[in-house]
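A, B, C and D are the chain letters, set down in written order, and residue numbers restart from 1 in every chain.
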Amino acid sequence: MMGHYIALSLLAVLGLGMIFIFYLTVKGRTIERRFVFLYIVFTVSLPLFVKMKPPIQVSPEVQQVVETITSLSPGAKVLISCDFDPPSAPELQPMLVAFTKYALKHDLKLIFMGLWPLGPSQANRGLRLALADTIIAAKNLTYGVDYVNLGFQSGNEFVIQAMGGSFKSMFPQDDRRIPYDSIPLLNGVVNYRQIDLVMNFSAGKPGTIEWIQNAVDRYQVKLSAGNTAVQAPQVYPYLRAGQVRGLMGGMSGAAEFELALNEKGKASSFILSQMFSHLAVMLFVIVGNVAWLMTRKKK
Amino acid sequence: MKREIPLIITFSVGVLLILSVFIPPTEHWGETFSLFFDIIAVFAFFLGGGNLVRTHISKLSGKKAGWVYSAVTLAAFFFMLAAGLFKIANIGGIGAPVTENGSLFQESFNYVMNPLGATMYALLAFFIASASYRAFRAKNREATILLVAAFIILLGRTPLGVAVTSWIPDSWDIFQIPNMAIWIMNSPNLAGQRAILIGIGLGVASMSLRVILGIERTYLGEDKG
Amino acid sequence: MVSTANQGDRRCATNLIRLLLVTFAVLLTFLHNRALADNSAVDTSSVVSASITPLAPPTSLVVSDHVYDNAERLDLVWVPSIDDKLIASKLIEYRVYRITDSGDGQRIAVLPAGANSFSDENVESGHQYSYYITSVGADSEFPSISSEPIEPEREWLNYHLISLLLICMIIGVAITYFIETARRGKKLFIRRIAGLEAIDDAVGRATEMGRPILFIPGIQDMDDVGTVAGVTILGRVCRVVAEFDTKISVPTSRSLVMTAARETIKTAYQTAGRPDKYSDDMSNYITDEQFGYVAAVNGIMVREKPATCFYMGTFYAESLLLAETGNSVGAIQIAGTSNPMQIPFFVVACDFTLIGEELFAASAYLSSEPKQLGSLKGQDLGKAIALTAITIGVIAATGSSAWHIGWMQDILNALESIFLTR
Amino acid sequence: MSTEFGVWVAALMTIGLFSFLYKDNPFFKVCEAVFIGSSTGYWAVVYFFDNLQKKLWEGIFPPDGAVGDAWLWGGAILGILMLCRLSNKIGWIARWPVSFIVGATAGLYMINYFVSSAMMQVASTMQSLVVTNGGGIDWQATIGSVVVAVAVVSGLIYFFFSKEHTGAFGGVAKVGIWFLMITFGASFGYTVMSRMSLLIGRMDYLFGDWLGMIR
């Protein structure tokens, strides 16, 4: 309840600021860029200190991801390609963490890899967080048996193609330099045929589209994806064509995913901040336009 | 001679690579090219990197305006270069790759380059706000359409949009903003992207043909040299 | 098509339709024949041997050469063992064994229960291969009958892509045809592209104000078509710049682009008759790092205050960072990119924006050489083909799915097999 | 508050770049210089190990003693020709590798773009206008597919270069540009979310990782 009041007073403060900006603009004194910047600093950072659960609805695309994941039976092998770097982490890392937590709780076997140089270290970061979870820690999972990180391989979509022949050809050893053949989890894993699902967290190229073109189209791989909000619209055509099973887009996609899997994480707290900043952007558009229309009429 | 050889190279390489797609034994030529490209790019880097170093050294030695920053640039460059090439304080010793976590090279990347990149990227948020305030005007019909579409998506993809139109009964759920946003993404947006993509496919084909046939050669010079 | 169509256009349209009809007829026949051939090749036998052994081996193993490859793949299909059950299966896995040139059997793969196909991608032409597959239980293994020896074949033309080859040829020939007619002096109409018309003014403005021009050829390397397009436009812009004798600066994020840009600028200055005004300092490499490059370019903008900024090439997130900073220093901005995600930012923050295809057409448009313009006409023919195919395809799809008209389904299938090349 | 040296460096760099928003200043210039220098150095090292050592050297002389790929010499020679640029006299030879790359890019992408951009998109547009669900017509989906068909067709017409946008043709082209504008608007709206997320990530770093004010 307390949270609500704080949020409301925050809204009031930011609202008053916006009214002031509006007043100045209508008066014909277009405010300087720097004030817009300052306003955004407050809008983004203040809500981070507020604890409140915003109302979110799980969209069908995210629901499809969840259904794809929940339909996997224990022991199913999932290949997770982390094709992003730290700048995109605010959006994609929460998805990765929520997925990893869910998967490890439900005894899925996880094989991480990355087509971006920094992807595997994001995976390690996510794994560390997931393994610290009390339920997962109690399971005493071992590296190489329950999860493994194959590391990064350069070559973009050619890596995806070559993996259709054999994983080992692209990853002779894993991230910890253990030879492919001596990793128990990978025993019998030759190529995509032994993989039940590919999860792709993608911030650009190579990413989901390359996975679709080279793994889904060629090797009939089952693919679900999480994308940055920017990347997501480009994947929509493929979603509609059924080439990708579900899509999480941006931070709201991550928050919906956390909600649907019941794995509360960072996205759930970031989303409030995001909501405020969106509101600010929309208000800036409105203020700019109203002021512009009014001054035009005067002329 | 000087003039013809590049044109012949462009023509023959282009034609060969087009044909290679259709001939199974030569299918992998595209991959070989990307390997070639990576190798050529390294040699080109000697030119680019060398140019960078030369420019800053000349600024520094001439004490031109901003020479301090040139000094910083050079220092950062050689620091990274040394940390990487000589594997200074490398976690796995001289035999291990430099990108291992904990090595000086990788840690410099993690704590210097990474935050710099992420921050530069984050500046976009501010610029979006200022562009919204300054340039996003419904000046004409096209701009208005763009504005309205952007607005619906913005609203619809956030919890706010859910709250605004949740009173609309389920039989008319298409008019709930989140659903409208999804519809826009799936129908007109998808179609618009398709039209653009088809155009790009043809545009690229036509430009490639001009390049291969040697009609377009501004990048080489139809010079007298 | 339209009331304004003149004689030439109409003749062109008639020719086009004729060409299309012939192509479609050829393709339809071809595809029909291929479909017949495919049907007869399908193995439909599903005879399961009545086995009394504890674990039945897989049956009906068929090994076939993978078509249209470089003799590097053989495809295996079989009918799973009757003991391969979803629940409480005694069968644990299948093992694939290969006999090369009647040597010994070698295990090449282990597949989970339920598998019924495998591709051996480690074969070479000039060798005979035969295979057998075993059902593996907890402590037993039962082999199937060995397949007939087969040698992988090398094909010299990928018939899966034949429709692509045909369409490419049609469009290629069309573009070349229009280039030729244009060269022979036929006048071609090309509509106005506002962003490109504005280039002269934009350069002129910079000259008047005595401030430099900034040209950003994208952030990708020369192996990206967008960059190639950007560099060709740079050549055209530089010619104007050389005539006006304005200062131009082309910071690049790749060394190769710097080399190509310098070459291009030099040529432009030579063509404009001002080779003495050229200097290598016009294009400098900054850094490969996307945002490092942006930080530097933003710095350049704030310090040098260019009067005009061009952004032509492949852009990602930096589009708005550049365009807003450019705007804040009061520059006229002309942008062009093929990345649909970044176009809106340029549309909002720049004065003129080239959308997708316009970027690739820009250099031809600016050259105003007839042969270059001819290629644009060829592009339009491509669009006409696409439009026709879409129209027929949509009608056929509607007819077949809503009213179940058989021949419409055939047309749709034919069209899809032409355009879906994978 | 963090006691880690690296976190402090990162936080200061973050603030330094943010200061550009106020105005160009020495703090920003230093950060910019560090960024340019270190990233160029970084890429030099990555290129050295990945391309020169791994792809070229180990490709020609594989460490396991296998037969190397003799083709790679071609890449090496083209690369060395590139260095002719350093000389004024034979600088023109550097055009050879450039023309090689441009020719190959043109050839390779001509087909790639053509297939994945043009042909695939044409094929996937061939959908039924009328969508049925269990007997009745699904009006919502039907309207959607009609819009898709109309938008693709009119959008393509907008891109026609050799025809004046007048009369009925111009009318359709106009509809086309409207649809393109919807596409741009949608992309813009969608992108805003992501960009705000980045800023949230940075703020989380400053207030959380560095200052420890958010848990």
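One rule holds for everything that comes next: a contact is a pair of C-beta atoms (placed from the backbone, for glycine too) under 8 Å apart; a residue touches a chain by one contact, two chains touch by 3 or more.
No experiment lies behind these values; they were computed from the predicted model shown.
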| note | Ranking chain pairs by contacts puts first B-D
| remark: Closest to the centroid of all CA atoms, by its own CA mean, is chain D
| query | Farthest from subunit D in C-alpha centre terms, which chain would that be? | reply | A
| Between subunit B and subunit D, what is the separation of their C-alpha centroids in Å? | 3
| Distance from the mean Cα position of subunit D to that of subunit A, given in whole angstrom | 18
| note | The distance between the C-alpha centres of subunit B and subunit C, rounded to whole Å, is 17
| said: For subunit A versus subunit C, what separation do you get between their C-alpha means, in angstrom? | reply: 27
| Contacts with 2+ other chains: residues of subunit C | 164, 168, 223, 225, 228, 256, 259-260, 263, 286-287, 289, 291-292, 295, 317, 340-341, 343-345, 347-348, 355-358, 361, 376, 379, 382-383, 386, 422
| note | Two or more other chains are touched by the subunit A residues 33, 37, 40, 44, 87, 229-230, 233-234, 237, 249-250, 252, 274, 277-278, 281
| message | Quick check on subunit B: which residues sit in contact with 2+ other chains? | response | 18, 21, 34, 37, 40-41, 44-47, 49, 52, 113-114, 116-118, 120-126, 128, 130, 134, 136, 146-147, 150-151, 154, 157-158, 185-186, 189-190, 192-194, 196-200, 202, 204-205, 207-209, 211, 219-221, 225
| said: Using the touch definition from the top, list the residues of subunit D that touch subunit A in their complex. | reply: 21-22, 50, 116, 121, 124, 186-187, 190-194, 196-201, 203-204, 207-208, 213-214
| In their complex, what parts of subunit C are in touch with subunit D? | 1-4, 9, 164, 167-168, 188-191, 193, 222-225, 228, 256, 259-260, 263, 286-289, 291-292, 295-296, 298-299, 302-303, 317, 340-341, 343-345, 347-348, 355-358, 361, 365, 376-377, 379-380, 382-383, 386-387, 389-391, 393-394, 396-398, 400-402, 412, 415-416, 419-422
| In the complex of these two chains, what residues of subunit B are touching subunit D? | 2, 5-7, 9-18, 21, 30, 32-33, 35-47, 49, 52, 66, 69-70, 72-81, 83-85, 97-98, 105, 107-126, 128, 141-143, 145-154, 157-158, 174, 181, 183-202, 204-205, 207-209, 211-212, 219-221, 225
| request: Mind listing the subunit D positions that touch subunit C in their complex? | output: 17, 20, 24, 28-29, 31-32, 35-36, 39-40, 42-43, 82, 85, 94-95, 98, 101-102, 104-106, 109-111, 113-115, 118-120, 122-123, 125-130, 132, 149, 152-153, 156-157, 159-169, 180, 183-185, 187-188, 191, 195
| For the complex, which residues does subunit C have touching subunit B? | 68-70, 154-158, 161, 164-165, 168, 171-172, 175-176, 179, 221, 223, 225, 228-229, 231-232, 234-236, 252, 254-256, 258-260, 263-264, 266-268, 270-271, 284-287, 289-292, 294-295, 317, 320-321, 324-325, 327, 338, 340, 343-345, 347-349, 355-361, 363-364, 367, 369, 371-372, 375-376, 378-379, 382-383, 386
